[in-house]
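What follows is a set of structures for review.
Across the two complexes that follow, chain A remains constant while its partner is chain B and subsequently chain C.
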Partner chain A sequence: MRHAFSVRIGPIGFRIGSDWRAPIATLETLYRNYPGPRDGVADFTVRLFARRPWRRFVRPSVEIGGDYMLPEAAPLPLRQGLLAAEMAMNLQMALGVRRYLLLHASAVERDGHAVLMTGISGAGKSTLATLLAARGWRFMGDEFALLDPATGLVHAFPRLISLKNEGIAAAEAAWPAARMGPLLRATPKGDIRHMVPDARAIATMDTPATPALLVFPRYGFAAETRPVPPAEAFVRMTQASTNYVALGEAGFRGLTGLIAQVPSVAIDYPDGASAIAQVEALWSAL
Partner chain B sequence: MPDALYRGPPEDGLLIAPLDAFTAVYHRASGITHLLTEPAPQILAILQERALSLDSLLDRLERDYDLADGTREALAARLDELVEAGLVARL
Partner chain C sequence: MVRVVKDARVLARALADPASIAGLDADGWTALLAMARAEQLIGTLAMRVDGLAMPAAVKAILDDAREAAEHGRRAALWEAEMARRALAAVDCPVVLLKGTAFVAAGLSAGQGRSIGDLDILVPRESIDTVEAALLAAGWEWVKPDPYDDAYYRRWMHELPPLIHRERDRMIDVHHTILPLTARITPDPVALIDDSVTLENALRTLSPNGMLIHAAAHLFADGDLAGGLRNLWDIRCLVEEFGTDGLAADAGRHGLSAQVARSLRIVDALFGAGEATGIDRLYVRRVTARDGWGRPTRPVTRLAFYIRSHWLRMPPAMLARHLWTKFRKA
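Take a look at the complex of A and B:
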């Protein structure tokens, strides 16, 4: 590829190649404090390419590819190149990771213990993790928590935080000095802005944590907290894991171990401040 | 015609994790995870030891697990479900 960039996020190394300079330049800027892949060898390769040579210039649109591909993925306009890179990196993770049980969850840590927050897009995973980090929690990731079935520990994956819609202003208010990517308006997921995790999150990304609490947040409802029975939590987490089936026995052991080990709680919340109070109250009661 | 015998997977063929009223069961041969409620985990445990007829299984459930409230018809229906799920073979 004409332009390339390599980075390591938590235990996963990526190499991103692109037909265009612009997305690579943005990635280099935003990921400048991250290390490169271990031993220089990336786990996954991502490609941002033009389907036809002239589409590099005429209404440039980014196709995403790599070791794993989704044939029906629609191309994105070049101005959303950063989102294309993010989606492509997520796809490689979702389909390719075998060493960890991949949980579609954000995670924050305190005193070596982690809170995992999982839910559908828009549930507030990224925003809640970002707001909790502003209150002294260590940010571990806003998209994937990596559960090691052999140890039961979760490993951090602090990629750029993908803020959406109302979450953008909330995170900017909590982290006024944070470095931000360009505001991407009207993407398939709404308005998106990427935020660089704080320096501590990056510096400590190789330190795993013991899961302590599993939270199922839901945004836009009156504040309410209810325990989630283990079987329901188990089923929801099999759905929230992109590689549960692929991992087979290790996935089963990892997930049943997690469910047995930590309480699961659903929280409905009307705004960020309320959610923070709910999560911290649950934490204090552990 | 002799009664059909039912047989479960070999002893190391399942991973079993009780959750609450549900028990998660990983079937090694298929790689499929099942969520089962009583008396299915008990049926599997008995049929993993040896193949049994419906009546013998009913006796064992009553004796070993005090599951005396089930009827023969109800047990036959549970067995059919386990056969359908691939966890029990009808011989």
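Take a look at the complex of A and C:
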């Protein structure tokens, strides 16, 4: 394609091609401290393209494609090109990864042990991981935790952190020196701003961790903590994994192993500070 | 060695002659993998080049592809078993078609093959009973549109597609191998009579029957989307079973030209042959893919798309069909 960029995030290599220079330039800047794909061969190809040639110039609109595509994926305006790239990369992960059980969760690590935080969009996965990282935890990822069914370890996937709405200010306050992408207003998911994970998160992204705690956070409620029974945790995680079915037996073994191994806890929280205190209290009690 | 990737011929060569991958650099591999994914041949490629020297990153990707194909094979066989159970009480032969048949019979064409829907062929006189049995066992209509439904039932070679409400898998129930509106009318009774019974009482077409079906599907129906995969199927069937009696069998179904063409194009893509005349257009179409996995040659693609409709129905009927579809769109 006309413009291209390759990068490795955790164990996954991407090649991103684009009909426009702008999204590639943004990716080059924000991902400048990341390595390239192993052996120069990307796991996945992503394409940002104009449906019709004139759409490169007239009301340019970015179609999302690649090795794996969704027929109903709506195009985005060019000024949201970075979001298009990130969505396309997520799509390759969600539909293409076979080596790992993909958990829709953010993850932070301390002393080789990881806390996984899972929930629907808006539950606060990204914000919580970012705030915990500011308190000394190692940031492993804000979107996907990669569980290796063979070892039971989780691998980091520290892509750009996708901050949304109120989460943007909270993360900026916690990480005043962080490098940020452009503020993308009025996207399909509200206001979005991407933050580059801290240097340590990138430098240690090849180090996996042993899962120690599975948290189901929920934002906007009075602080409360309750244990989640294993059967419920299992079912919720099958829904929070995009490739659980595709992995077949390996996925089942991986997920039942995880649920048996770590406590599952639901936390409701009214604000970031409460959530941090709740997670760290759970951690201390382990 | 740096080789400029122009089209999917590089993928065809890698499948036919796995040793040819030795010259690939990182960009060559990246392009080959993207192409193979786009043509749904990555599992096949993974099986073909297994054990050869390649970069570790490539090996990891192909190991995953092999694993995914193995999972796909298991799921396809399970789906066939589900259909077998649902149809056990219906007293008629059930013939597996395409990918599921290849893996059920353990054929080389099934190795690493991606398999989508379950395709079966049953005698036309049993189709109502088969449909009722599938509906009773949890399959449901996909197309609620009355025009589409009526069109399928009156003119197509298969029932409207059904999907299983729990397993989310589609089944296509055929009663012949080409639409009833096509000019060529193969003989489904002969295909079923010649079919081969598997251990579990399901059947596959005879080797020649599979070849004829593949050729009919490619060259007498459809716009050659996924053509490379179908040609690879044909190449494997020819290599495994030869072509004894194929010309005579093809003649019985009125598909001599299509079968002959498929053999020539297979030889041009995967063998030492050179495509000539109109065959070159077909080769141009089935290799229309670039190193980013993008479809290329839009004019050739459009021409084959138009041709597919032309083959499928007479002009007046085509006009009526397109008009109805246009009004509904």
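Note that in this section the second predicted complex is superposed on the first by the 286 of 286 C-alpha atoms of A that agree within 3 Å, B and C clash if a C-alpha of one lies under 4 Å from a C-alpha of the other, contacts with A are read in each partner's own complex, and residues count from 1 in each chain.
To be clear about the criterion, a residue touches a chain if its C-beta (ideal position, glycine included) is under 8 Å from a C-beta of that chain, and two chains touch if they have at least 3 such contacts.
These numbers come from a predicted model, not from an experiment.
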Clash-or-fit label for the pair chain B, chain C on chain A: fit
Which of chain B and chain C A:47 touches, first, second, both or neither: second
Partner chain(s) touched by A:151 [first = chain B, second = chain C, both, neither]: neither
First (chain B), second (chain C), both or neither touched by A:261: neither
Contacts of A:252 with chain B and chain C, given as first, second, both or neither: first
Chain A as apex of chain B and chain C, Cα-centre angle in degrees (nearest 10): 60
Which superposed partner A:67 touches (first chain B, second chain C, both, neither): second
Chain B versus chain C as contact partner of A:17, first or second or both or neither: second
Which of chain B and chain C A:121 touches, first, second, both or neither: neither
First, second, both or neither for A:38, with chain B first and chain C second: second
Smallest separation in angstrom, by C-alpha atoms, between chain B and chain C in the superposition: 5
Footprint overlap on chain A, where chain B in one structure and chain C in the other make contact: 248
Chain A-touching residues of chain B, taken from the complex the two chains share: 15, 17, 19-22, 24, 26, 28, 31, 33, 35
Chain A to chain C touching residues, read off their complex: 1, 13, 15, 17, 37-43, 45, 47, 49, 65-68, 98-99, 246-248
Residues of chain A that touch chain B when the two form their complex: 229-231, 234-235, 238, 245, 248-249, 252-253, 256, 259-260
For the chain C and chain A complex, residues of the former touching the latter: 25-27, 29-30, 33-34, 37-38, 55-58, 60-61, 64-65, 67-68, 71, 74-75, 292-294
